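You will see subunit A twice below: alongside subunit B first, and alongside subunit C after that.
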Partner chain A sequence: MIEIKNLQKSYGKKAILENISFTINQNEVICLTGLNGTGKTTLMNCIMGLIPRNSGSITIDGADIQHQLYERISYIPDSLTMPRWMTVAETMQFMATHYPNWNATKADELLAFFRLEPDAQLKNLSKGNCAKVNFLLGLSLDADYYLMDEPFSGIDVFAREDILEVFTSKFVQDKGVLIATHHMDEVEMLLDRIVMLRNGRIVKDFYAEDIRQTEGKAIIDVMREVYQP
Partner chain B sequence: MIFDKRSPVYEQIIEMYKQKIVSGDFQPGQEIPSRRELATQLKVNPNTVQRAFKEMEGLDLIFTDGNALSRITENQEKIQSLRQGILEDAILSFIDTVRIVGLEDEAVLHLIETRLKEGHPK
Partner chain C sequence: MKKFMELWAFEWNRAKRFYGFLIILVAGLQAYAVFHEYRFWKGSYERMLRAGSENTLEGYLNNNGYISFDAVTNNSFFGFSIVTAIFCLLFYAVAIWYQDWTGKDRFSFRLLSLPGSRFSVYAAKFATIWLMITGLQALQIGLLFVEELIFSGLMPAGVYMDLPLQSVIPTSSPLSLALPGSFSSYLFYYSAGYAALTLGYTFILMHLSVRWRGVILAGVVASVLLVSALLFLRTGVSSFLYAEEKYWAAISIHTILFIAGTRINDYLLKNRISV
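On to the complex of A and B.
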């Protein structure tokens, strides 16, 4: 379990994240949602230690997250950061060289799963196929948690379908998954839990099936209440 | 299958199974997909499918031997009572609707008889 407690982040006097506390459990798909500019990416970056936080703690199974513990989390950014002249196979080779937790078997399975051509150069791939490569690279790291930032923005509907299928596949079985997105329609049925951010604070944290059962509401109804009061 | 986003998905899966068992689409003893396979087919969260399966096991709609795939119940009494349940529900909701229109019972019965003879246009 990743536990985030009282996380605080500000730039100068401007608070970006305030009093953020929530957990990421294994065997759960969680959606971190909120309107644009509400702090989703900042929060992901804080969890990964990519930007420093002002205060608060982040632990994995009780231990402060640092050094090798970061290997237990794989972060999939919102776009592929590999040089465009590389082929798909070369990006995989690059990852294999640099990451001790690279799982070549899983990578090959994902290559087939996404129907990607290993010899294709990134610069010749569609945006959707680039997104798939991005996913392939992140998911092929053996980790317990996968954090994904806006995985569906700007990609075509078929690539999106392929990526959505990841969430019911063995590739994330028993893992803790956190997806930051405001595209709720696409992921609604795939989620266990929803954490809603507004103005840098968590305003709701609930299970999808609970809200359907107890209040007869869809997640989008709750979003409407929170973001369009 | 299209799900209602405002009611629990696990209940909708159970309802689908009940209907398919009654209609004979799912035969007694027939193997059903694994939880993960079904989650992929239906495009829903695997834990939700897991929950539906667990409930259905409790309800005796499916059974699992060891690590094998689960199967549809072979209990004929169970299937019969499911059939009964679905009929009851259909009739009760029909009556509710008919009451709104406010027809006399006689007229309703007559209407049903005529329609049944014509064959239900679906």
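On to the complex of A and C.
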């Protein structure tokens, strides 16, 4: 379990994240949602230590998150963070070299599933194919948790369908998944739990099934209540 | 260690094209300097023959003296090749960081998310620059032998005076900077150079951590360090020291700056850096 406790992050005097506390459990797909600029990406980056936090703690199974533990988490940012001169095969080779938990079989399966050309240079790929490579690199790690930042931003409907199919397949089975997005409609059917951010604070943290059963609402209705009161 | 070696190989692979271009540029400019110097000599000799005043080689030597290889190393194209290499290396030493921290698809995300110590990222970049510098020095030594062979082959035997390379190197300032004449000078210049590179990286990492506030803070600290070092070496305490003691004091300062800078850089990468 990844546990985030009282996380604070500010730039100068401007608070971006205030008193954020929640957990990411295995076997759960969680959506971190909120309007633009509410701190979703900042929170993801704080969890991965890509920006320093002001205070608060982040632990994995009780141990402070350190760089040595990064192989337990796979972070899929909102863009393909590999040099553009590399080919798809070279990016896979880079990951295989640097990550002890790289799963080559899974990578080859995803390569075939996404219909990607190994010799294609990243600079020549479409945005949708770049997103697929991004997913391939992230999901081919045998991690316990997958963090995804805006996984569907700017990609066409067919690429989106391919990627969504991955969520319903074995690739993320039994894993803890945190998806940061404000396009709730695209991922609603995948979600177990929703964490809603507003102005850097958690305003609602609930299970999708509970809301549907107890209140008879769709998640989008809850969003309207929170963000358009 | 494994992560460092793998990242070093990756960085080196990335620098290959730039480095290849630099090697061709340096070798090309120096080859041109050899032929330029030969043509210059030939032109002046032929002009003397045409003038008819002293139309023998002996007469020419009486007026102009022997030609030796230092004519090539003092040629402006030769000096330019070394100065260009130094500027290109300085450029790449900065670019090796900013190429990963600028633009849309920042590789810094991946580098900082790799499992294991982040110091390997720093060490790999530093070692790449070190290898580029050392490689160029080795290339320069090799080029000097080849250029000397070509130049002595082009010049008439009676005009060319063979000088050992050890006595040619100090006559050219850029060359003596690239290849110091003695081990003690080498240690002095290169310990200063690598300390400066480390502190330069502290500037860059401060900028990548806390942006311009970091650069200003690093600038203030660097200025204080520099002024203290100068005061130590030029005045006060150092006036009681012998030259050799001053030399070792300077080496010690370089070493302290190198170690302190490396530790600060390690801390910044672990705790303060931002993508």
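In the analysis below, the second predicted complex is superposed on the first by the 228 of 229 C-alpha atoms of A that agree within 3 Å, B and C clash if a C-alpha of one lies under 4 Å from a C-alpha of the other, contacts with A are read in each partner's own complex, and residues count from 1 in each chain.
Heads up, the rule we're going with is that a contact is a pair of C-beta atoms (placed from the backbone, for glycine too) under 8 Å apart; a residue touches a chain by one contact, two chains touch by 3 or more.
Treat the numbers as computed from the prediction; the structure is a model and nothing was measured.
A.B. asks: Determine, under the contact definition given at the top, whether A:50 touches first (subunit B), second (subunit C), both, or neither.
C.D. replies: Once the two structures are laid over each other on A, A:50 reaches subunit C alone.
A.B. asks: Using the superposition on chain A described above, determine whether A:220 touches subunit B (first), subunit C (second), both, or neither.
C.D. replies: first
A.B. asks: After superposition on the shared chain, which partner residues are touched by A:82: those of subunit B (first), subunit C (second), both, or neither?
C.D. replies: second
A.B. asks: Going by the contact rule set out at the top, does A:129 touch subunit B (first), subunit C (second), both, or neither?
C.D. replies: Neither subunit B nor subunit C is touched by A:129.
A.B. asks: Between subunit B (first) and subunit C (second), which, if any, makes contact with A:97: first, second, both or neither?
C.D. replies: A:97 sits against subunit C, while subunit B stays out of touch.
A.B. asks: Name, in rising order, each residue of subunit A that touches subunit C in their complex.
C.D. replies: On the subunit A side, the touching residues are 45, 48-52, 67-71, 75, 77, 79-84, 94, 97-100.
A.B. asks: Please give the residue numbers of subunit A that touch subunit B in the complex, ascending.
C.D. replies: Touch residues, subunit A against subunit B: 27-29, 164-165, 167-170, 173, 188-192, 208-209, 212-213, 216-221.
A.B. asks: Considering only the defined contacts, which subunit C positions touch subunit A in the complex?
C.D. replies: Counting only subunit C, the residues touching subunit A are 3, 6-7, 10, 14, 104-110, 112-118, 209, 270-275.
A.B. asks: Can you list the subunit B residues touching subunit A in their complex?
C.D. replies: 3, 5-11, 36, 39-40, 43-48, 51
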